[in-house]
Amino acid sequence: MLYHVFMDVTLPRDLPADETARILAREKAYSQDLQRSGKWRHIWRIAGQYANYSVFDVQDHDELHRILSGLPLFDFMDIRVTPLLRHPSAIREDDR
Amino acid sequence: MLYHVFMDVTLPRDLPADETARILAREKAYSQDLQRSGKWRHIWRIAGQYANYSVFDVQDHDELHRILSGLPLFDFMDIRVTPLLRHPSAIREDDR
Amino acid sequence: MLYHVFMDVTLPRDLPADETARILAREKAYSQDLQRSGKWRHIWRIAGQYANYSVFDVQDHDELHRILSGLPLFDFMDIRVTPLLRHPSAIREDDR
Amino acid sequence: MLYHVFMDVTLPRDLPADETARILAREKAYSQDLQRSGKWRHIWRIAGQYANYSVFDVQDHDELHRILSGLPLFDFMDIRVTPLLRHPSAIREDDR
Amino acid sequence: MLYHVFMDVTLPRDLPADETARILAREKAYSQDLQRSGKWRHIWRIAGQYANYSVFDVQDHDELHRILSGLPLFDFMDIRVTPLLRHPSAIREDDR
Amino acid sequence: MLYHVFMDVTLPRDLPADETARILAREKAYSQDLQRSGKWRHIWRIAGQYANYSVFDVQDHDELHRILSGLPLFDFMDIRVTPLLRHPSAIREDDR
Amino acid sequence: MLYHVFMDVTLPRDLPADETARILAREKAYSQDLQRSGKWRHIWRIAGQYANYSVFDVQDHDELHRILSGLPLFDFMDIRVTPLLRHPSAIREDDR
Amino acid sequence: MLYHVFMDVTLPRDLPADETARILAREKAYSQDLQRSGKWRHIWRIAGQYANYSVFDVQDHDELHRILSGLPLFDFMDIRVTPLLRHPSAIREDDR
Amino acid sequence: MLYHVFMDVTLPRDLPADETARILAREKAYSQDLQRSGKWRHIWRIAGQYANYSVFDVQDHDELHRILSGLPLFDFMDIRVTPLLRHPSAIREDDR
Amino acid sequence: MLYHVFMDVTLPRDLPADETARILAREKAYSQDLQRSGKWRHIWRIAGQYANYSVFDVQDHDELHRILSGLPLFDFMDIRVTPLLRHPSAIREDDR
């Protein structure tokens, strides 16, 4: 099932530089693992913002929440989830 | 270039049924042509709403606007455009 | 899977009384069928408003959207969908 | 009487880890006691958020407020209360 | 139990003058009956607006909703309900 | 003259416990004096929130502002003032 | 006493031209009478909008409401009232 | 030219008392100089808030911005500027 | 002086096609005259919307308002005006 | 391609004065380089605010994002991007 996810990141100014670096490195690895597995279908940077629009393709709400709440940046994010489905005008049965 | 587009449709109640049908048929054909050409990369229905999230891959703002303002449903839509770019954590050079 | 749904109804003033009555009767039957089948788990009126909070327990986004867009009142509703999951503090494995 | 409650949690970053753990343990026990007593009828996690939708079944506003303001996490929550009642289309006399 | 209620009235322009007069007369009688019974404790006009803040003292959510949805002006109102309780600093046990 | 006042309290987390206690005790005394004098006609807690709806009956804007800005909690409050007047449907000449 | 008032006008398109002209003429006369009497202290057009900021100097809320609800354009206005008082830094005792 | 200005002040809690006193004294002197010169035409306190509505009569945007950004409290203010002009119903050619 | 203006157009559906055409033709001529005179410095279409961002360079608020309220589309526009000035980092004395 | 960019700056109070000065000097140089290159077409201060409206003329979203996220003040800004295109009523083929 598909979910549209908006993630808006706000890093606190007093986060030590090395801790920030560690978190960002873990975030990147975490995201790329999920992209490789096909669960994190798309991730796009929003121009001019420290934010992204993503599309997830997971089993159910539970799996989505496990993934999102496991994000190394989860505590620094505002997250909005929107359930998506096939559009009646889509030319593909399975647009992911 | 990629654009994230939110389209929210409100059909006026006094639109005659056959005119509605005609517009929707034209909208579907219009959308499917653009999907086949690769310009309308994704279109997803938002659960519970007469609305969609779409991703366009076009030359520039001009082409995007020509496409959107040419939508048979354009007069009945609230549209929001967000420019997207490759996310630094994306595993693909070219995630469309 | 569980979905929290907010439905806010606005009936247009010029809807003929008998058409309104017909739609409301169909809406009630439609809703009660789904309640009996267990898919429409809860429906509560919000005090002072022509609106309700509901909880649906369906297969996936598709089934939810089919149900919601099939509501006889769908054209007169503002609908907001929120995916729900088991809360880690819930005492029941399966709180529906 | 039924109340729909939205609780949105924001833990301050400088809360010491052990204090956080203590508060969360107390919150869980507090919530589970009330669930067992039947006063906290439902609690659902909202996907992707540190927030929940709950339904309370209590005597009156007073009891609700005593319960909510007694939450160990109360100081870290944004809370919205909505009074609910039986929906005229509900198939159950008593949908809790 | 006490409820704070905000009522904002918008009369459609095409409501015939005599129908408007009839509705307003019924609204006034309806309101005054409830004021006399003690259920509609307070009603204040908001300066410069066709709106009021009211306080109701009723048995439960059900009775409140029956009263509000029975208002002759109900279809032309935007209504917001807030449950109230005794304030810990109130000098009266029973501030209605 | 009557004023409807919404007060929403946010105590900063780093306020020392004894200072908080002192402020709250002064706030309570201050409020009760004004209630006894008849100037602070009503104060109701909003269910589930550290907030209240109040009604003041004072000479003029000046007196209202002197009272509100003198609140020991003033620095920690978001305050909204709405001027009220007799409602044409009120059964009492003088509903305070 | 002083009140800051924001008035935003929306004339319905189907108001006949002569009725519009009549209402506007009456509105102007009504406003100018009140300006001459000193009750409507200031009226300024907001650049680019069919709206104004005004300052009224009247006896009390009642008089303000009588004036505002008597505006020939009242039914076509969105009105917001804010009570004003002397600013502690004002050089005039009586800045109207 | 006339400008309507809304200024909303939020003093940070950790500003030392004497620094606060110094800033407020300078703010008052600064404001009174401009009032005397006729550039700061009106300043009114908004009831119940640490905020004011003001009217400035200055040469142009530049002068307005120089004045506003020179306010000793500028860093602690949220400021909204609205250009004003003579209202067609004003009885004075020059309502300042 | 420079003004940033946002114009959002909503044409009513029941405007006859030829009247629409006439208004749009007049709007275009009106705008182009002002562009030629240098008063309407910039006009840009916002991608995906029937809206524009413009920059005006006029004598004062009066002239701006005369121009805006004279727009053939004025009755069908939502307009927001923001006064602009030279930015301290601008490389040009006179960036219009 | 043209982009309309709104930048709203909030400098944290505890930023040391010399660090602030260094950042602002770098910001100015950075902005002026881009203005000279023609990529940062316009920058205007918004009257009364620590904010600006700018227009960028760059290759694509990527270049815009590189420029914006490279701003020395980026971490202290709220940024909104709007894609612009030639307006059909523009007298210039190329209004930058």
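By written order: A, B, C, D, E, F, G, H, I and J. Residues from 1 in each chain.
What we mean here is this: a residue touches a chain if its C-beta (ideal position, glycine included) is under 8 Å from a C-beta of that chain, and two chains touch if they have at least 3 such contacts.
Only a predicted model underlies this, so the values are computations on that prediction, with no experimental measurement involved.
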{"item": "Chain-contact steps, minimal, separating chain H from chain B", "value": "2"}
{"item": "A-B or A-C, whichever has more C-beta pairs in contact", "value": "A-B"}
{"item": "Chain I against chain H, contact positions shared by both copies (same if over half, else different)", "value": "same"}
{"item": "Reference chain J; chain at largest CA-centroid distance", "value": "E"}
{"item": "Length of the line joining the C-alpha centres of chain F and chain J, rounded to whole Å", "value": "45"}
{"item": "Rounded Å distance between chain H and chain J, as computed from the means of their C-alpha atoms", "value": "28"}
{"item": "Chain J: positions in contact with at least two other chains", "value": "2-3, 45, 47, 61, 64-65, 81-86"}
{"item": "Chain pairs in mutual contact under the definition given at the outset", "value": "A-B, A-C, A-D, A-J, B-C, B-I, B-J, C-D, C-E, D-E, D-F, E-F, E-G, F-G, F-H, G-H, G-I, H-I, H-J, I-J"}
{"item": "Parts of chain G lying in touch with chain E, wherever the complex brings them together", "value": "3, 5, 12, 61, 64-65, 68-69, 75, 79-81"}
{"item": "Residue ranges of chain C touching chain D (in the complex, touch as defined)", "value": "2, 4, 27-28, 31-32, 35-36, 42-47, 52-53, 55, 82-92, 95"}
{"item": "Complex contacts: residues of chain E adjacent to chain G", "value": "13, 45, 47-50"}
{"item": "Residues of chain F touching chain G in the complex", "value": "1-3, 60-62, 64-65, 81-86"}
